[in-house]
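Working notes for the structure below.
Every chain is named by a letter (A, B and C) in the order it is written, and numbering of its residues begins at 1.
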Amino acid sequence: MTDTAETIFKRLRDLPSTHLLGTGTPMCAGCGGLQALHQIYDIIGEKSVFINAAGCMTLLSVFPFTPFRGSWLYTAMASAPAGAQGVRDALDILLQQQRIAAEEDMEVVVLTGDGAAYGMGLSSTSGAMERDLDFLYICYDNEGYGNTGQQYSGATPHAALTSTSKGPRGFSGFKKDLFSIWAAHEPAYVATVIGTEPLDLARKIDKARNMTGPRMIIALAPCPTGWDYDPKQSVDIGKLAVRTGIWPLKEYENGKVVHTKIPKQRKPVEEYLQCQGRFRHLFEPQRNDELIDALQAKVDSYWRDITE
Amino acid sequence: MKRMLLTGNGAAAWGARLAATDYIPAFPITPQTEIIEALANWIDNGAMNARLVTLESEHSMITAAGAAAATGVRVFSATSSQGLLYAMEMLYTVSGWRAPFVLTNVSRGLAAPITLESDHTDVMAARDSGFLQIHCATCQEVLDSTLIAYRLAEDARVRLPVIVNLDGFYLSFTREPVQLPDQQIAKEFVGRYDAENIRFRASAPVSQAVAVLGGSPYSYFRYETHLAAQNALLVYDEVAAEFNQRFGRQHNAIEEYRSDDADILFVMMGSFATKAKEAVDLLRDSGQAVGLLRPRLIRPFPTQSFQHLLGGKKGIAVIDQNLSMGMGGVLHAELSSALYGHANAPATLVSFIGGLGGRDISSEEFFEMAAVTRRAVDEGVTPAPRLLYNETELREIRKLQAVAQSEREELHNSADKPSGEQQ
Amino acid sequence: MYRIRFHGRGGQGMKTASRILGTAFFLEGYEVQDAPRYGAERRGAPIFAYVRADHAAINERGIIQHPDLVIVADDSLVPVAGAGVVTGIDAHTVLLINSDEPPELWKQRLNFAGQVFTLPVETEDRAELRFIGATCSGAAARLLGVITRASLSQAITEELQALGDAVVDKNLAKALTAYDLMEAHRGCVGTSSKVSATDYQNPAWVNLPFDDARIAAPAIHAAATSVQVNTGLWRTLRPVIDYELCNKCWWICSSFCPDGAIDVDDKGVPHIDYDHCKGCMVCVAQCPPHAIASVPEQEAQAQDAAGEVT
């Protein structure tokens, strides 16, 4: 567990009960990304400008409707961190030249999906980190190009069925370890979160909010549309992602990685896979033990390295 | 006001400095690098109060430029050729944000084959992007146009980014005498950038560049950008007149050189147009009524001015230093469309493609283009577009092809598949 | 209009020379255009720079086809076809060559009817001709006859001030010496006559034929064609192996030669490919028994020639 002394979020009761992010958005019912975003927005607040890259959440702001009480700028798929650079630098110039008052300053937040974060936008993200840009980066990771119909991306897990990996073994590649890629840049902060663990999320965002430099967050975003499950299961699936060890909750700071929630009795990965249509081919028409075991072995191997 | 020798790149950097630019997102590319090097040095030694950040690509550079302009600071950036194309998505995007700033493009031919030398195919590729375009023929114009460009970009009737274009090598690395405006007078001329209500402040949240659903709102926003670009015709004239008043140099949207009483006109843009001037003088010496029109403003396209200036002329030789594959010269096509159906339009519009990738255009070639155009007028037959390319050049490329073992004879004599591929 | 072309090698300061002369003209009240011309090639490769000066605005641009004055900083470039030193010269052109050989010999060699002047070469180490740019511009200024000593001095000071007073002073001394050396020939450079728009050479345009993409795509269908490029011409210093001293280590000079221009035969003896050695002298610096000497190229060529004669 992180040092709770740093945060006002000590118990679940400390979480906000009314929410800042406006309702009425076009996100799918049961969207795990939106769930994480509204929790994050409660903590960051409206003194913020969200710099967005092409993805599902681009449709959060469709003229003339926006859920944001603060500001927003849509850029393009590849270069949201560069947009953050321009806004941050411009605000710093305005502050330095005393052309705006200090209270006009804002937190600059990049908001992208996994398509931009793991792929096309990785170069501009790397650039922003190497320039030590003072910004927060939120990636909502639904493990595929969701806005275009869930084709596989660099974030798609092994064996998942996507609209471009429909064969009997699903996606042949492996999910890229973006956490480690980001951490290798030695930014101020890197963390994984999920909306189904709101206290862990709140602590991490609160911590990030009080730091300067690049602060990088990946939120696993259970996706009823792309992962093929009933929207009501979103939270259960998110919780299973953590309890099976598929989605390790962790943070990187000062060169060290700390796991913030180590599942005590890890559930079998199978339980997580079974309830999602994208993994149904592992169980029907007949069970594919080889692939299920391989997925379990990968998770086991990860945690063996962590806990031993 | 001081007169000094400056390269085109130096003049561009001075333009950014005199315009009191706040922010310079940068990325190096030949032949633009001297611009950002000069600005970086001035910032480092305290001569200029601005921030320069090198991004990791031109795509990011233009994103940062647009984002900073959308936050309310004055932005300058510079690129060339492949860089402009790498940024192309963002050119269209940030103009749609209505983010005003100035981008210097140092024109250079496009790959493939990759080259370092100048032509205008790069900047022509940006002609539909929503960036306005001012094309320069001298180093002086590079500086002056940069100052004018800020006024144009930031004018409330326009509010669009502007490209100031100069030719690689022929201007970028060439020193010419440049009158350097006084810092204070330049500052007064350019004025303060007022972002009005389109900028980010904590107290006044704004969602910029949001999506639309459906063609109708899309049509509205896009056409409004077009109307703003068209407003720039009028605003340019106003700003140029004020510039002339303050600095004593008139930069019309179309430069006219000995064109009033000419029956044959060259039309071309960029620094090679000064070579056309030289040819015009020599042709005049020989008693031929030849002149030159050089559009400075390419976006917005000065259609009406062209209709007026070309009305009643006999023959026009349009010299394009660019090439649209499968179509030909871009300026020729645009001029034809501007003149089509217009009463009094010249009947003969001859297309010449020349100066691609920095290939020189000789005086003799200008003479010959005038002669070809006059012949077309006399015979009433417009010849096919002509690439300026001679026998010696063809012989040279054949020699190079021999080294590269491009087996022309063998290829022409056989229909065989290339080797190395399984039949 | 004056049209002046400087020829040298990358690193010999031809850009600086053209700028000094350009600034000097400007100080004399001329309209000026000066520019270096370089491609992808590097230090040691032939480059040129040019200056135009006139009392009226200059509309000509680009490469000078018919120069009034050609300055050659390195006489080893004269015979190099790719350097284009003699391109477009005619009887009205003045040639100024940095060379120890007499003007008459150059006129004879080039079958050239115009005036030739030479500047004595002052350093053995031709790669380090640090002041040759200033020297050339000083001599050129005097030959032109329209640039005062004061303007030349001011131009040098302006162009080189960033390098510090010591560098300025040295360059000033060299340039002014060269300026004075040409005193007898002051004002010998004339300007060429205008081209005629009625009686001109037809540009001989051709209709570009369609070629199949298999030949018209920019592809080279052969290996290592670059060996046809004689980069040995870049060399101002020549590494010469003393086979008495060579310890036949079999690898050092050969592995470290960046251009791969040293091969070792089956007896362990290295051989330098002088057609491609650029004269970087890495082999000289690395050879453990110091068996490779650095010889000025021109001296080496003279020895070769003498060897052939005897």
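The criterion applied here is as follows: a contact is a pair of C-beta atoms (placed from the backbone, for glycine too) under 8 Å apart; a residue touches a chain by one contact, two chains touch by 3 or more.
Note that this is a predicted model, so its numbers are computed, not measured.
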Pair exhibiting more inter-chain C-beta contacts, B-C or A-B: A-B
Chain of greatest Cα-centre distance to subunit C: A
Gap in Å, rounded to a whole number, between the CA centres of subunit C and subunit A: 60
Subunit B and subunit C, separation of their C-alpha mean positions in angstrom: 34
Interchain centroid distance [CA atoms averaged], subunit A/subunit B, Å: 43
Residue ranges of subunit B in contact with subunit C within the complex: 5, 7, 112-113, 116, 169-170, 173-177, 271-272, 274-275, 277-279, 281-283, 285-286, 288, 360, 362-365, 367-368, 370, 386-392, 394, 401, 403-408, 411-412, 418
Subunit A-touching residues of subunit B, taken from the complex the two chains share: 22-23, 25, 49, 51, 53, 55-57, 59-61, 63-73, 75, 89-90, 93, 97, 200-203, 205-213, 217
Complex contact set, residues of subunit A against subunit B: 46-47, 49, 51, 58-59, 61-63, 66, 68-76, 78-87, 89-94, 97, 99-100, 103-106, 123-124, 126-127, 130-131
Subunit C to subunit B touching residues, read off their complex: 19, 22-23, 26, 31-37, 39-40, 58-63, 65, 194-198, 200-206, 208, 211-212, 214-215, 218-222, 225, 228
